[in-house]
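First comes the structure, then the notes that go with it.
Labels run A, B, C, D, E, F, G and H following the written order; every chain starts at residue 1.
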Amino acid sequence: MNKPYTRLDKDNAVVLLVDHQAGLLSLVRDIDPDQFRNNVLALADLAKYFKLPTILTTSFEQGPNGPLMPELKALFPDAPYIARPGQINAWDNADFVKAIKATGKKQLIIAGVVTEVCVAFPALAAIEEGFEVFVITDASGTFNALTRDSAWDRMSGAGAQLMTWFGAACELHRDWRNDVEGLATLLSNHIPDYRNLINSYNTFTQR
Amino acid sequence: MNKPYTRLDKDNAVVLLVDHQAGLLSLVRDIDPDQFRNNVLALADLAKYFKLPTILTTSFEQGPNGPLMPELKALFPDAPYIARPGQINAWDNADFVKAIKATGKKQLIIAGVVTEVCVAFPALAAIEEGFEVFVITDASGTFNALTRDSAWDRMSGAGAQLMTWFGAACELHRDWRNDVEGLATLLSNHIPDYRNLINSYNTFTQR
Amino acid sequence: MNKPYTRLDKDNAVVLLVDHQAGLLSLVRDIDPDQFRNNVLALADLAKYFKLPTILTTSFEQGPNGPLMPELKALFPDAPYIARPGQINAWDNADFVKAIKATGKKQLIIAGVVTEVCVAFPALAAIEEGFEVFVITDASGTFNALTRDSAWDRMSGAGAQLMTWFGAACELHRDWRNDVEGLATLLSNHIPDYRNLINSYNTFTQR
Amino acid sequence: MNKPYTRLDKDNAVVLLVDHQAGLLSLVRDIDPDQFRNNVLALADLAKYFKLPTILTTSFEQGPNGPLMPELKALFPDAPYIARPGQINAWDNADFVKAIKATGKKQLIIAGVVTEVCVAFPALAAIEEGFEVFVITDASGTFNALTRDSAWDRMSGAGAQLMTWFGAACELHRDWRNDVEGLATLLSNHIPDYRNLINSYNTFTQR
Amino acid sequence: MNKPYTRLDKDNAVVLLVDHQAGLLSLVRDIDPDQFRNNVLALADLAKYFKLPTILTTSFEQGPNGPLMPELKALFPDAPYIARPGQINAWDNADFVKAIKATGKKQLIIAGVVTEVCVAFPALAAIEEGFEVFVITDASGTFNALTRDSAWDRMSGAGAQLMTWFGAACELHRDWRNDVEGLATLLSNHIPDYRNLINSYNTFTQR
Amino acid sequence: MNKPYTRLDKDNAVVLLVDHQAGLLSLVRDIDPDQFRNNVLALADLAKYFKLPTILTTSFEQGPNGPLMPELKALFPDAPYIARPGQINAWDNADFVKAIKATGKKQLIIAGVVTEVCVAFPALAAIEEGFEVFVITDASGTFNALTRDSAWDRMSGAGAQLMTWFGAACELHRDWRNDVEGLATLLSNHIPDYRNLINSYNTFTQR
Amino acid sequence: MNKPYTRLDKDNAVVLLVDHQAGLLSLVRDIDPDQFRNNVLALADLAKYFKLPTILTTSFEQGPNGPLMPELKALFPDAPYIARPGQINAWDNADFVKAIKATGKKQLIIAGVVTEVCVAFPALAAIEEGFEVFVITDASGTFNALTRDSAWDRMSGAGAQLMTWFGAACELHRDWRNDVEGLATLLSNHIPDYRNLINSYNTFTQR
Amino acid sequence: MNKPYTRLDKDNAVVLLVDHQAGLLSLVRDIDPDQFRNNVLALADLAKYFKLPTILTTSFEQGPNGPLMPELKALFPDAPYIARPGQINAWDNADFVKAIKATGKKQLIIAGVVTEVCVAFPALAAIEEGFEVFVITDASGTFNALTRDSAWDRMSGAGAQLMTWFGAACELHRDWRNDVEGLATLLSNHIPDYRNLINSYNTFTQR
């Protein structure tokens, strides 16, 4: 009766970045802004590093929701970019779903703003269609903790797996020996404590 | 084994506002009062905006529990108003259940004070009778976080979906194009950060 | 697949107060001591008010765990009192289980110190034997929130219902008309905010 | 050696609202947005109610800082409005200081966004020039609590008095008998708990 | 330049209980209600125990502020009771000041609701007139921590000493040998952790 | 449909200590370091006390992750020690799994750093293979509460039981009479409040 | 007008440990017990390491307050030990003051339980007599943060310097070169994060 | 009697960065690591932007304290770099003080790790020598909030001004017109919310 152990597989995963737009970001108050910005960029770097197909989408970006974070556009110049004309649930946008299905992947790694809408709605819809959904909780933000807790309960109850970018990176990488340098760089760039460890280590051992 | 994705449908939903009374409101300490008042009024405006049938009920309003928030009465002058003579669980009141069934809707959007009693009891009873229950967690309040967490666990375990008013509004609306102005007004009136976005946007683009 | 709605029934419930001993109480740090003491006494008063059979038990009370709160002994002079000689899980003590079974009740309302041991162990054992278990979370305390959250997860996952004393009182009472005075007194004695409401109400209406 | 008791006097006070602009408001994270918006509007209503001269100023409002909250403009259509062309410290703007001095008042009631800059800078400068400065702490916001605490320490150390809008209203009003209706309306409009008290009171006594 | 050590002296102190009224109590949110009620009653018991002259006052008790806590009236049936007809600052009421001066005491122990008004205003005024003011911070409550911190800063900066009821009791008592039984009873009645210590101690030593 | 009550059995349990390395420990911020260190050592002492087979493993200990806590090595000089050459999920290391299976135990008591990776990955894998998994949540640490909550949700959803070291000790011990001295020593060494109880008890009763 | 920089001097300082008794320790809730115990032992080790004269005192240790922490007695077998027969303020005990004056030191390093009484009272009295007082805030505990904040305000306002044990150790030591090994050991024994740094450092550099 | 308004002046200020070393950074737990790293780099960028003379110093960097953050070294390749051989208080190092005095500046902007030692000690010493000291509180970190609060109290009491990097930047810049682009870039690089404002603004106005 328990959820089975569905393990992230870098050959079977696609990353969905939903509505990380300048205006919507100002609504996020369940995570400190320095931390949240770092988490979103970390997830983007993760997608890049593992060469996962990545899909960008925005909601009504001509209005107050504002433009997508320019860093995301710059990182994925060739990614499908679906500027939804009005659908709140990205899954209601045929182009978005088509882009996902075109990758042939069955595992969806999803993050967005705000959690209970831009993340939860497509997550729930995707599960209904048989996808395995991994919500990156720390790259998804919303108004406050109460809202987040409600959203997590709904998504988890429906079968989504809640993970953070670091956990996803580790599950995708599997073994440090696949590329020590690469993973260490990803971690060093987004985990100050880990960067400190590496700096000290290098200093102490390179003498 | 997961809960299926039951999506709010504005043609199939009714809103239940349970015991938002002046006295009981003073018991609510798991949400700041400015925030809570705003959330309750937002849910009421949502019901109005989406033209959802709405049912008001109170517990023992002649006693210390006090009168219903006058704003709710004013917003729904023609709504069924069930002043329960004593039943703590609104579902134990035949008029209340009859009023719900008279709408012919299968989705119940419910909020009230206090969460673990006025919301949880009818929510649990309604699920038993086959309704789909959506608890608006941020328009429901109680004594403290520990009590709320217990109540959420009980309701979620029984099959209720935990949502907030903003998530419900978005799921009901489906597509901004259905009415940009209307939804934006609802959000602007109840989300200061969103109001700021709109104010800046209008200023910058109307030059 | 959801838990069914099991409703507390005053004709079918027994209250178990487990290890509210002077020494163990000093370990409780997930709830403020004024609040916790009040909650425990409220639960005891509830048991008294609804005339629920009540069973007291202690763990090793001759040692550092210390004596049972004297107020509990005084309230239930004739209740079964099982001073366990060593069993940590009260359910491992035959007298305790026998006392419960002797009541013929199927619903167990349980609270104790500390949550993850003195409450969780008998709760889990009782569920295995087919009892319906209601944990009174705010009359149960432990070392810190992390420990509590772990214990709740374990108990809820096993089928226990998490409630607070106020929710239990309301579910047992069903209808204010059964005894307005009695329930109001119980609430007034243990909920300062409610007491204030009653005081103001009486002053304003008795003029 | 203690600060003397300088008491707010409605005949000697002017209100300064500094940089409550749409963009800057999104930076405020030491107070919840519903609460903060309410506090700012309460202070504005207070100024109106006590007929205190009020001065509005903005920083760089043509840029990303965005427009002043429209509600403030609407409430004070005839107030001096100093759109500072660049000075960060409003006191560095001659028009702002001239407008203050033109009122002939010696007590400055000041609030703004962000606390450590838009409030603290003019507050410190005004104290140097011999004004009595009252900072309305709950209508002033900034990035986080650490920043706020630093700013409070600096302002208090320099001689500013830290007050909230409610305290200021009470100190200005002195005696309920001056106008029961007026003060009650101000409080009812901005303190949900007080509004509840009034609603219950009216219901109970008007029967 | 430091504040001198002004020590509470039971022969020179008077207790002022300001506006602990049913309605105003519902505004207190910087302290949990169980804890706050306990603290207020502890201060009252302290006044009784040390036979300190005690003065009660209320603000507008015929209106929504509601009646004084009945327990306080009952404890001090013969104390001066000044029902202020409108003055917000109790010190503006001549009867209140006269009652204080009639005691001939120079040390004022003051607590009330809400802190920044009902406590701070008379505290600041009393200091101006040369009284030594001791604010009982834990028997004084207000809307939130931000408001409290502002009020404390203002009172402390003006020369008030911030104490809690327990600290005041200990400073007044000076030496356990003056009355072990009496002080222990006061502490046991209002500090659950201390009560536990005594219960265990008595059990272990009375064998 | 509930999880059955799987009870820890000292004859059927093995303890897995995963990656408690000096560098990784600096990443733990969801538990205070004094508390976390104490919990880890408590779990180790528990393993020793109950003579449970114990397995140590480290991730990349030649690099920045750093050496295993020396106290753990010292406590279990003869325990299997698997220094994983690169596998992030310890279960991907054949030696680790072999060491577990060699014990013949079916219950895995697991703790590590960081929770969502070093604990969750092997926990999920072990459940898939039919082991009963008990996560010691307070001896497992990670970056922040949000990450921990996500990890707990994933593990609990998969069937793991969340416990703390104290709960585990009590469930393993079953009855104080099995060894009063031994259990009391374990608790006294790692629970300051319990140590205080014992110290007072001994003083009072040994007179 | 500022406090001058009074620097701790190991040749001019005495350590006062006030009422760290088993019963009173159970009252401390403003600091987690693992952390608090560690801080108290760290301060004791500091006193030992710098060979500072140390004075122990207890309040009513034959009663519920319980015995002094045995570790403190063991560390300072020859220190003056003043078991006060009843004086709450240790400074009211002539033996205690005499013991301090006998050391000839002018700087008092003081910590105790509870902060607002056992620490604040002698601290305030000592300042009056011209001593320089350094309160070790993290080795002093009390009921809750509100009480602590009140006590700090009173002590700081009277001229006490608020420090923690680590700051005091560093100010006393002045220069690592005076004894690298000794200070490192003190820090390693009481700061887990520092211990980790040392463990990693040694591993990396001793290869 | 108040502190006078000492205003930061870019022609009279020097920046001191004290002990931001990899090992010591792992001790900082009163600020989230993403936020802290950002604040430190923001302060460094501020120093660079305003061309303030900047002095770097480290404590015992050959030992476990570890190397200075490489980013700081890279930003200030020509700055005085004082690797202190053992002095804990940087002011005890003659080279450090000489480097400061060589700048001829009277205003010290200081930040470091840990606050109560590496920042507070030189801050207090510098005030004694007549410097004006501005502590950048958000680029200074330490073990926990209790330690920070103690350190702030000591420094503020001695006359230091507590500021954050953003406040300092604004006070140094004085007027946006001095360089709109430059200041906006500094803010955009280190305040995600401000960056969002600029991104939206540019998008909306560049159409």
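In the analysis below, a residue touches a chain if its C-beta (ideal position, glycine included) is under 8 Å from a C-beta of that chain, and two chains touch if they have at least 3 such contacts.
Quick caveat: nothing in here was measured; it's all calculated off a predicted structure.
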Exercise. Which of these pairs, B-D, C-F or E-G, matches A-H in more than half of the residue pairs in contact?
Worked result: B-D
Seminar exercise, completed: The larger set of C-beta contacts, choosing between A-G and C-F, lies at C-F
Seminar exercise, completed: Rounded to the nearest Å, the gap separating the Cα centres of chain B and chain F is 43
For this session: Quick one: report the Å distance separating chain F from chain G, using the average Cα coordinate of each chain.
Result: 34
Problem set entry | Chain centre separation (chain C, chain G; CA means) in Å | 41
For this session: Going through chain H residue by residue, note those that touch at least 2 other chains and give them in order.
Result: 1, 3, 23, 26, 32-33, 66, 191, 193, 196-197, 200-201, 204
Exercise. In their complex, what parts of chain F are in touch with chain G?
Worked result: 22-23, 25-26, 32-38, 66-67, 69-70, 191-193, 195-197, 199-200, 203-204
Exercise. Which positions of chain B touch chain H when the two form their complex?
Worked result: 197, 200-201, 204-205, 207
Exercise. Which bits of chain E are touching chain G when the two form their complex?
Worked result: 1-5, 7, 31, 137-138, 152, 156, 161-164, 166-167, 170-171, 173-178, 180, 184, 191, 193-194, 196-198, 200-201
Exercise. Hey, which residues of chain A end up touching chain B in the complex?
Worked result: 1, 3, 23, 26-27, 59-60, 63-66, 85-89, 92, 114, 116-117, 120-121, 124-125, 127-128, 143, 146-147, 149-151, 153-154, 157-159
